[in-house]
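Take a look at the structures listed below.
Same chain, two partners: chain A is paired with chain B first, then with chain C.
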Partner chain A sequence: MTILVQAAMISALYALIAIGFTLIFGVGGVLNLAHGATITMGAFSAYYAGQLGLGIPAAVLASVAIPALFAGALYLGMVKRLEDEPIMVMITTLVVSVVIEQAIMVFEGTTSRSLPRLIEGQFSIAGATFQNLLGVMFVVSWLIIGLLFLFVNYTKTGKGILAVSMSHKGASLVGIRSSRINLITWIIAGAFAGIAGLFLGSWLTASYAMGQAQLVLSFSIVVVGGIGSIRGSVVGAYLIGFLEIATTNLISASLQGLAPLAVLVVVLLVKPEGLFGREFAE
Partner chain B sequence: MSDKSTSRLRLLFGTLNPLGMPLRQKIGLLGLAFLIAIPLLVSLPVVGQFVVLIMPASSWELGLYNVAAALFFAMFAMSWDAVSGYTGEISFGHGLFFAVGGYTSAMLNMGHGLSPWVSILGGVLLAAVAGVLIGVPALRIEGPYLSLVTLVAPLILLQLFIYMSDIFGGEQGLGNPDNLVGLGFVSNYFLALGLFLAVFVLLWALTRSNTGAILTAIREDEDAVSAAGLSTAKFKIFAFVLSGAIGGLAGAAYVHTPVGSPTPSELMSVIINVEVIIAAVLGGMGTIVGAALGGLFVAMVPDYLNLIEFTVPVIGKSISEMSFFLFAIVTLVLLNIFPGGVLRWGIALGRRATGRTGGEEGMAADGGQSPDEGGTDPVEQTIERYQEYYDNMFGGDDE
Partner chain C sequence: MVNDGSSSGAGDANGSEELGSEYNGNKRRIDRRRFLQAAGVGAAATGFAGCLGGGPSEQSEGIPSEVTVGVLAPAPENNPIGASIANSAELAASHLEDNDELLSGVDSVNVSIKNTEESPQTGRQRYRELTLDEGAHMTTGVFTSEVLLQLMDPISQQQTVHMTTGAATPEASKQVHEEYDKYKYHFRTGPVNGYHLGQNMVDFLGAKGSDLGWDSVALLVEDYEWTNPVQRAIDDHIGDLDVEVAMEQRYASGTENFGPIYDNVEQSGADAAFVAMAHTGTPAIVQWARDQRPFEFGGIHVLSQLPSYYEQTGGACGYTITQNTATPQSELTDKTLDYVEAFNDANDSYPVYTGYITYDAVMQWANVVTERETVNADEVVTGLEESSYTGTAGSLDYYGPDHEYAHDIMYNFSPDTRPEEGVNPVFQQWREGDGTGSQEVLHPSYVSSTDYEAPPWV
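Coming up: the complex of A and B.
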């Protein structure tokens, strides 16, 4: 039972981490390898806000706004003109993430920093106690996923996002400007990454290289769920979250991080399009 | 000896005659001669001073070590280029091969007492096997998915190394295996240079041969290659095995020199994987020469930056503290200015400057794939290739 609750909450975090990544891939058709660095950025934005004594609300705001602005700037500044060259986008975003990580390493060093606690206290389910923070994380994650669904399905911009993800040409034929939609997607993805970084840093700690593991995790989740599918990412996140908690708790704690990778390889070899991914067209 | 073979020999010597070579190859040979001569030049009166000054370290001996490390890195970059630059299958985890080569050799040497010469061979063999293991899935999955697999493969290996740290030494690595040629600065330098040259000549010759043309054709249009009756699977696996073996050789030899040791951070970290790609793309993908130059550049720039004792006023950090950070920024800028690689840009510039096009110069160093021939730029082809996968994935927007 404890394991199940724990896994559910971790998986909620994983879903937050992966959704931004899948959005960008699904809509823009490019892999944003700076996603992990954006998460790191979210965590450190909150850390700096805490250092300046700005209080929790300001820290939350900073950790959402700064990564969102950064992602928007990254899209406008570099990705936009490389849009037809996915491979250059991959390499460029990879280098961008190295720049961010190194910048944090230069200014903050390699030691981990602890963020201001968002919420103190604990709660208990079925005789086991959990941090309130994790509970809030779970609720926020579902809230965001719900809002995203509403946004995508019921607003004009959201429908535009859907249209662009289905067909760039078709979307532009009916008068949707795909570059604007892409920009919105990048900003949303950046904000989500920031929130994920905030929770991750608040729960554990923040360090310059924290984003690397998150990037790999996003990869695994997105591939398992099907590249470009939001629903798939949520399912993939829960699948991998439960699997990881199960292996670390029931087999060995040192296996942390290995389970998602193993699942990833199996899925890639057996069903490369993932659980909910679009089939390769003939 | 028949007439035919004599004339072939004469043709070969003709091609190898430095005076008949295009300008950029002369420059390349000069650079090579300089690399070979460095240990001799330092003892000369005035020239020596100059050489010591331009070495990437505080003394020329340490500089030789740094250049040797850079030469090994350039070998990594060339091995990446051989598979990714030519077949267009981008590998994001070439560190896997370096690690397999390096760790195998170190373990054979330290655990079983084999001489480094034998254990390196073991490392190469196992790295070639790893090439098969990556190459076979590569036949089934394509484009970005393959990049994912190659990105994840070394991470799995790293997790295994940490999980079984009693065997693999975890994040600390394996300590110090025996050195091939002792600790001498000059001897280790020549070991690195010799290997570098051997790898370079092998890959250069191979990629300019028919095999190279087939690999390029696979990058350009896989269907056309199979339509011509050639097995693309065979050539792709060949490219992966070759690349894996050479990466393994470089990794294995590297751990048996004083400049390198079998640790995850030196052989298989995410940074190494990224640096290898940066080196090859920056130098010019699909040229081997570009990968070699890019490798030297990528490995030595941080060394040079380390030498600068200047403290940036506002932020209070010295240049040497920020060397890798600054390097990453430089790379970002260069990537934005020369997406096709610096080498191609240099060749094009050189052509314009010398006012020569076509003729001998037309026989480009990259096997006739220079950018001005339009549409055959490896970067473009690879991009097109990926675009196709994406179009398939997204229901095909073309037509």
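Coming up: the complex of A and C.
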């Protein structure tokens, strides 16, 4: 039971990490390799807010707003011009990712940083004790997934996102400006990455290279779930989360990080389209 | 502007001046004469450095009017370990210039600081720049063991005394022992070598075990080069104690999530995690404290040695124990607190362990040079071997050429009395009070300031 609770918590975080990545691919058809660095940016935004003594609400706000603005600026400044060249987008976002990491390394060094403690206290469930932070993270993750579902299906902009993800041409024909929809998507993805960075950093600490593992994790999750599928990403996150906790608890703690890679290889070999295919594609 | 050490040649000469002013506010003159001497042959010689023997000091006799100290530090601009190396070398140079007895005929002591970037290849290149382009009379610093091992051959080729002040691998001293004539220019002023670090952990556990109440421990060691001899020494000696090793794990170097590892420690029933951590230390300590894991925490935790670490971790390091060379409160010798205050005045912060050691290294070298009246490396090597110098960290004595740890600082564990020879590292505990933390000393008793206190949640 303890393993199940642990896995549910970590899977909720993994879902947060992966949704933004899959959203951008699903809608824009490009891979954002700066996604991991955006997560790092979220964590360090909260860290700096803490260092400036701005308090927890300001730290939370900074961790959401700064990555969202950054992602929007990245889209407008670089990606928009290269949208028809997915390889160039990959290279550009990879370079941006490296620049961000190096900048953090120069200013903060290579040692990990402790973020402000978002929530004090612990709770017990199934005979095991967990930080309240993890409980809140679980709730926030599902709240975001739910709100995203409502937004995509029941708002005009959300339906625009759905339409662009299905067909850029079709969306244009009915008067939807795909560049505006892409911009919104990038901003939403940046905000989600920032929230993921906030929780990840608060839980495990933040370091300049923390986004690298998260980028690999995002890849694994979206490939398992089916690239571009939000539902698939949530399922993929839970599959990998449960597998990782089971592996580290039942076999060896030294196998941390291996589960996503093992699943990635197996899925690519056996079912390369993932569990849910590309939900938004025609 | 801060020079990160990435430039070379003439740029480096200028960079050393800028670094000098950056670190302690004392403007240092550029070593132009020596630079010009080297410049004619320096650029070409760099390419052949691996083939040719003999550095500038080989021909040196007497003491020149300008002396150059070469410093190798990891990211001295933003890494406290590297900054302490750089700032302490500057402080020592400043004190030497003001000193009427040491290097009395020397007009200026130039300090040239290079960033190793913790990369063996970069460290090797920077070392050659220091010795070939800038004609350093001695070099010091080096934090990472992997970097030091790559420097052993260049040090032997340049025949310039190098005093290590951070890296702990005993492989370096083993090379000195096995090929003395080739590698005799290397000394380790501190910390005690990796094997002795492990032995020191066990010695501490033996001496203070009843106070700690740790009947069983879980040994957690990060997978880096420096921990290999530490782990070997613990395995060799912990059996002598009445302490059970409930589990032993060498975990991956990139570990960020310590949850599964700590679950295993809990399941093992260990009273404490007995650790050797440097690079992975902050996630480990923050997760231990925030999860309120039901076991205690101590050993060698390099980042906990930082005087600012309590603030950096938001108090998460409270109640943890770590070995340390010295703390700002530990008066190991009559020089310790004077150095700490001088460092604080110059830099508005307290040094970490590499600072004490680097300051001692430069001062001991200057002492020997003054005694021998020469900077000649062979003479200085003999002088250092015969030297017994009281520094800030203790008595600086080196093992002789016949010892398996030739030219390493002598380790001398002594719970209650100051050892006459060698160093006796301290063990500190982070304690809380008035919303801030302090590094209180548990061992040795002659500098201890408190008794051990377990975390309230255990």
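Simple rule for what comes next: the second predicted complex is superposed on the first by the 278 of 282 C-alpha atoms of A that agree within 3 Å, B and C clash if a C-alpha of one lies under 4 Å from a C-alpha of the other, contacts with A are read in each partner's own complex, and residues count from 1 in each chain.
FYI, a residue touches a chain if its C-beta (ideal position, glycine included) is under 8 Å from a C-beta of that chain, and two chains touch if they have at least 3 such contacts.
Because the structure is predicted, anything quoted here is derived from the model rather than measured.
With both complexes superposed, B is the one of chain B and chain C in contact with more chain A residues. Once the two complexes are laid over each other on the shared chain, residue contacts for A:166 go to chain B alone; chain C is not touched. When the shared chain is aligned, no partner comes close enough to touch A:158: not chain B, not chain C. Of the two partner chains placed by the overlay, only chain B lies in contact with A:92; chain C stays clear of it. Legend: residue contacts after superposition of the two complexes on their common chain; A:117 is shown touching chain C, with no touch to chain B.
Legend: residue contacts after superposition of the two complexes on their common chain; A:109 is shown touching chain C, with no touch to chain B.
Residue overlap on chain A between its contacts with chain B in one complex and with chain C in the other: 106-107, 254, 257.
Across the complex, chain C is touched by residues 6, 50, 106-114, 116-117, 122, 129, 131, 133, 203-205, 207, 210, 213, 245, 248-249, 253-254, 256-257 of chain A. On the chain A side of its complex with chain B, the touching residues are 29, 31, 78, 82, 84-88, 90-92, 94-96, 98-99, 102-103, 105-107, 165-170, 212, 216, 219-220, 223, 227-228, 252, 254-255, 257-258, 261-262, 264-265, 268-269, 272, 278, 280-281. Listed in rising order, the residues of chain B touching chain A in the complex are 90, 137, 140-141, 144-145, 147-149, 151-153, 155-156, 159-160, 162-163, 270-271, 274, 277-278, 281, 315, 317, 321-322, 324-325, 328-329, 331-332, 335-336, 339, 379, 382-383, 386-387, 390, 392-397.
Interface residues of chain C facing chain A in the complex, by the touch rule stated above, are 75, 77-80, 118, 249, 251-252, 254-257, 259-261, 263-264, 279, 281-283, 286-287, 290-292, 303, 312-314, 316.
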